[in-house]
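So that we are looking at the same thing, I have put the structure below in structure tokens.
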């Protein structure tokens, strides 16, 4: 179907089903129950899942296929956001032109940065991309404040021109991003017994784009172009000896992945019209690297899982506080309750970084192929086959 | 059980549907059905406390959270009532807000605008928070304020000192109790002139982002008006940790005062470095070389240790104030946590109280009603003397404290001493000078 | 002229911190082939060794002074450190005053131990894994380490001053014939610079003149051949990891009086030290040291008022700009070897 083989078609179908039914899947616990804290089915987080999914899918096209580890990819995400917000300020609140501009601007930057950085390989390439991104962050935060908004981020104001729309709504407020009248933030709630499921326009719009992005990435992985990129990863020298110049291919991969990042940035601004410089900092670039490795480098679905994993912890675990713990364990005798809360306390709320760090280590120690390998092991265990780890374990030398 | 009314999830949270076992009725409710965003319909109301829990301001955030928890306790009638007893408005009765028990959710801003907005959004969308408050930097405050305007909830800013928050980036749904750069400059300048003379040459080191710009501008204008000369102003990167290369040239420039427009880690490091270079032991132009830190906080002073001794700065509030409100607050905070509150804790506590009081007086949680109740509201007994929430820009006008690092601290909290309480009139300005447009209040929905 | 001398001093001082961290990082790269994102955390742990020692020395018992009151109006509890009551007030105060230099002795065994445990317990299992996995696991470790420090010490910086004898600054200018007060430099920063020169020299001498060092250098060049010669290179590499940790830790201990340490100081240095290592060239120890000093000096010059006025924002990006220029003109950094981490 759609030019995919059977296995890929079923993977795509799984992704489609998962994204379309995300409001149900992510809200497994009834509202008001103690476990509702773990529900992730609210619009903002669902949007983040798919947007960072797009970002990671794009990053994986570069890193997973060619092995080039860019440590400055967040710069393109930031550029995309700035592009989109400027479009909202100048042109109007329709998200399509904003997203198109975001992709184009990110693509242009990717051509320039990629052209320069790809002259080197390995860690030298990583540091070059890191240097470009850090320069962009530092300048956007300080001297470029008139263009980027600096510390406070680029925001919409009541005085923006918005040529194709209104500067202000009738009520005197800033208009919200929309797609031909459909507001990105508008949601519909479905209540079934104790459960509440929220369907949000912005989420479904982003989800649709992510499905397209995912489909495109499958096609790239399976295309001759994708084969060429893999050849670059396995042995660049040998490829050169066959008379092929790998540079145009790597540059193409870099630009495509930069445009994916720009798309993610544009979508982010469309869901929440603000662009901040922190989006370009090295920690943000590091985050997408972590997402990809955590999920499973070079696999199709892995980066999306990694993105979901990290965003879930950031948004859910950081919001658990001692009060909530006491509610959960209220059934225990008093002394024991306090003890349990005391034990868990360092890992929640302000300690969510600690939990994330420990999980990074556990995943990489026990699941060398990332979360995807975890999934494979579970599947094998269910099928009753003995897991043979020779298939997935990679034994490439360190250098 | 069938529900035919259009509701938000607040209803369900309060347990109205708790016993429902039948999955028959499926009712689609559009968010726009309620009168305003997250209208609380059960027996409780949820407030969102969005503070930095990770990153460099985590300690400040932790103190803010302590203050909020104390405020919730007092609002629900627990504890000794704290400032509720000294507050000039007597609308609060210790039975929650408008009879609804106050509940809260917490989140981590990470001191990043994106993360702060994500956290605030989750409070609004998932937890049904009707008001968001907290934060420890202007970037976050401005970003979250804009979000709250869009979503139709009230934002009560925490610690944010930039002029922009209630200046060019002001919003109708956002309110700030904390003072700002302009007030710091206006309050500091006369004290500096009194102590150091009017014939001084100042060298500014300024954090290279919005807050730094506004603070430098404010201190510069007000000191120059009193006769000081500004020799140079150098911008330093936010990520700088070692300021030696910025401080070393100061003496050569002929300046005799160094103004450090830095906050947080930047300020701790730049002040430590400046003292390290022995600047304060030097005699320049036959005057003692002096250092000034426009915005002080006790937590930062603690980080800089003995280096703060004798250095002037301004602060929003200090626990050693002797008015009834401050004493009541320090007492209940100190009894509960064992140490005195910081200025961040104070402003957050007061903001929570002011919000609750405004709801009581307005008789509704509707952001437009609350905003109306806060606009032009005059009150007393909250630690800063008579205070006005100005309607034009939603900024509080009150006395500003000029403080100095204490020479002989008696405890680890006793780091600053109050030099002067600058009266409100001296720090008041025309709301038009910073531009920006307040817009109209947005109840959401 | 005096301004330039001053900035060279600043640059050497900044550079010595960069060089010390980069030295350890490149030792681990070169010998073990591991990308260690937890190296910044080692620097931070070193600094907190100093903090811990000063806390231990400041452990006190409380006596109640009925004449004074605390902030709640209760009688004030006066704290007297145990060391002062044991060794007498003067010796005790001197011990507390000298806690940072004392922490050097205290931190060496701790850092060696931390390094060896890290290598044996975790890093060892990642020699054969991809660099990506190494990054993920060491980054995870770095987060865990800094969160543990944050849990016990809080997020706020903790002042850890130098001994009184090193307070204030030295009038360098007056000593070499300039006007007084033109070139002044803090004593402790001079100490830091000399300390780092000694450490760097020591590491080089160790690698250059001892048999142990010779084997390690051989291992850096070709690990497998050395292994085939029947030499237990693994054990030596473990010791090298401990050594690299100790170097980072000492750099941290000595840094505490310059800037009050906080839990994220390691992360602040991490990216910068990677840039330094790569600019110096992968696998080259002299390259890392040279790059450290070079970037330190350039950073200092870029922060001069005259330079910023000429090119606004240059102080924000100078290090990265220089890194890009060097990497584009010299493909393997200043002194990098061919084939190291180029895949």
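Order as written gives the chain letters A, B and C; numbering starts at 1 within each chain.
We take it that contacts are C-beta pairs under 8 Å (C-beta built on N, C-alpha and C of every residue); 3 or more make two chains touch, one makes a residue touch a chain.
In this text, all values refer to a predicted model and were calculated from it rather than measured experimentally.
Engineer: Listed by label, which chains are in contact with chain A and with chain C?
Structural biologist: Chains that touch both chain A and chain C, as defined above, are B.
Engineer: Between B-C and A-B, which chain pair is linked by more C-beta pairs in contact?
Structural biologist: A-B
Engineer: Could you tell me the distance, in whole angstrom, between the mean C-alpha positions of chain A and chain B?
Structural biologist: A distance of 32 Å separates the two centres.
Engineer: Compute the distance, rounded to whole Å, between the mean C-alpha positions of chain B and chain C.
Structural biologist: That gives a centre separation of 35 Å.
Engineer: Of all the residues in chain A, which ones touch at least 2 other chains?
Structural biologist: 138, 142-143, 353
Engineer: Considering chain C alone, which of its residues make contact with at least two other chains?
Structural biologist: 316
Engineer: Can you list the chain B residues in contact with two or more other chains?
Structural biologist: Expected reply: 58, 208, 235, 237, 239.
Engineer: Would you mind writing out the residues of chain C in touch with chain A in their complex?
Structural biologist: 33-35, 122, 125, 127-137, 139-144, 147-148, 151, 271, 274-275, 278-279, 282, 312-313, 316-317, 320-321, 323-324, 327-328, 331-333, 339-343
Engineer: What residues on chain B touch chain A, complex-wise?
Structural biologist: Those in contact with chain A are residues 3, 8-9, 12-15, 17-18, 20-23, 25-32, 53-54, 58, 61-62, 104-108, 112-115, 117-119, 121-123, 125-126, 137-139, 142-143, 146-147, 149-151, 162, 164, 169, 208-211, 213, 235, 237-239, 436-437, 439-440, 442.
Engineer: Considering only the defined contacts, which chain A positions touch chain C in the complex?
Structural biologist: That would be residues 63, 67, 69, 116, 119-124, 127-128, 130-132, 134-135, 138-139, 142-144, 236, 282, 286, 289-290, 293-294, 297, 346, 351, 353-354, 356-361, 363-365, 368, 394-399 of chain A.
Engineer: For the complex, give me every residue of chain B touching chain C.
Structural biologist: Touching chain C from chain B are residues 55-59, 208, 232, 234-237, 239, 241-242, 244-246, 248-249, 251-253, 265, 268-269, 272-273, 276-278, 281-282, 284, 299, 302-307, 319-320, 330-331, 334-335, 340, 410-411, 413-414.
Engineer: Within the complex, which stretch of chain C touches chain B?
Structural biologist: So the residues of chain C in touch with chain B come to 2-3, 6-7, 9-11, 13-14, 17, 68, 70-72, 76, 150, 154-159, 161, 167-169, 181-182, 184-186, 188-189, 257-260, 262, 264-265, 268, 299-300, 303-305, 308, 315-316.
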